[in-house]
């Protein structure tokens, strides 16, 4: 059971090997990737910023909750921080269990809670050069650019 | 969208790279692993046998159903055949989508349908030397050994 | 009387002792053919636990068999 | 009057123009301290969209602040 933040690319294969367990019949994973659009706007890259000590403790708490709720053998989650390009992996979740139902349910629980609770923020860089901190728009716009950098 | 049977170890990393798509924000995968017990009996290894032409067409049908039901960008499934050792990957499912809900739901749909519908059979080899074709027990036993090989 | 080919997998292959054979039969459906073969070879699976495929597609057990059909009886599956 | 340290992230860090500062304040709770800082620095996020952490743990916005506390205001998160 472990959570971590990473400032370098996530090695999903190594993380999954770390979950190897001869008692496990099922391994469910989820990867969040940087995609090229958000709510219709072309995205060039993303920045993730974390409040590290609290993200760490909250991430560990989410994994412990998953272990308590579901019949698991292993669970891990890594979240990137820093500047990510299109297609890069922003978050990885992996869960092993004897049976697939628990593996799927726990994997989804972990990513849902991670997105809702981890003190991590995402700044989108748009093709226009504008940027926006996601979910932080005010004055009624949703995910609209909040700053255009000087030319 | 593709399905295949494989008589050699499944290269999950290569399969997942094949799903890379800058429009995708979510990638959900499921791996079925050979585990060391089934219904309380110690298992040494597994054999998978497939009726290949029908497994292929039924596998493709399942992937097409998933594409019709969920908002996906990509989906793939590979199932092993042959003799597998503990910890080996028996089946891999990978799905990409813009959003994680569709990715999880489709991944689960594909593995559930694959297990229920693909004409693939599994023979367990137990630590005792006995073997059993799973789900084919008769005379009331469930997953009990059906044959002890000559000494 | 017609001739069909029958292919066996998994437990049926082992109980029959071969993978494929040509069968001359008076039966007209996969269900009836399975009962004939089951009696002859002492297959343990009852007919209601076996599905049928003809020419690589699932069929109803009471479909009509035709000369030269390739028939497969499908024991309970266990992929994944 | 007490002194606490305040750490800023994301949109608050950018609007404040720094990551951390010592604040001498008469306020007694994170909620009140946020309103004071929001007025001073023109933060765009209203207080009801900002959570608070003290000494690296989430706290109620009306918790009591103590001398030397490390306070973090948490804008709406967007991990994943």
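When the chains are written out, they are named A, B, C and D in that same order, and each has its own residue count from 1.
In this section, a contact is a pair of C-beta atoms (placed from the backbone, for glycine too) under 8 Å apart; a residue touches a chain by one contact, two chains touch by 3 or more.
These figures come from a predicted structure and were not determined experimentally.
Listed by label, the chains that touch chain A and also chain C are B. Between the Cα centres of chain A and chain B there is a gap of 27 Å.
In this assembly, the C-alpha centroid of chain B lies 25 Å from the C-alpha centroid of chain C. Between the Cα centres of chain C and chain D there is a gap of 73 Å. Across the assembly, chain B contributes residues 32, 111 that each touch 2 or more other chains.
Across the assembly, chain C contributes residues 80 that each touch 2 or more other chains. Looking at which chains touch one another, you get A-B, A-D, B-C. Per the touch definition, chain A reaches chain B in the complex via residues 12-13, 16, 20, 22-37, 86-87, 96, 98, 100, 103-104, 107-108, 111.
Residues of chain C touching chain B in their complex: 7, 9-11, 13-14, 44-46, 53, 56-58, 72, 74-80. Put simply, chain A touches chain D in their complex at residues 32, 48-51, 53-55, 57-58, 79, 90-91, 111, 114-123, 133-136, 138-139, 146-147.
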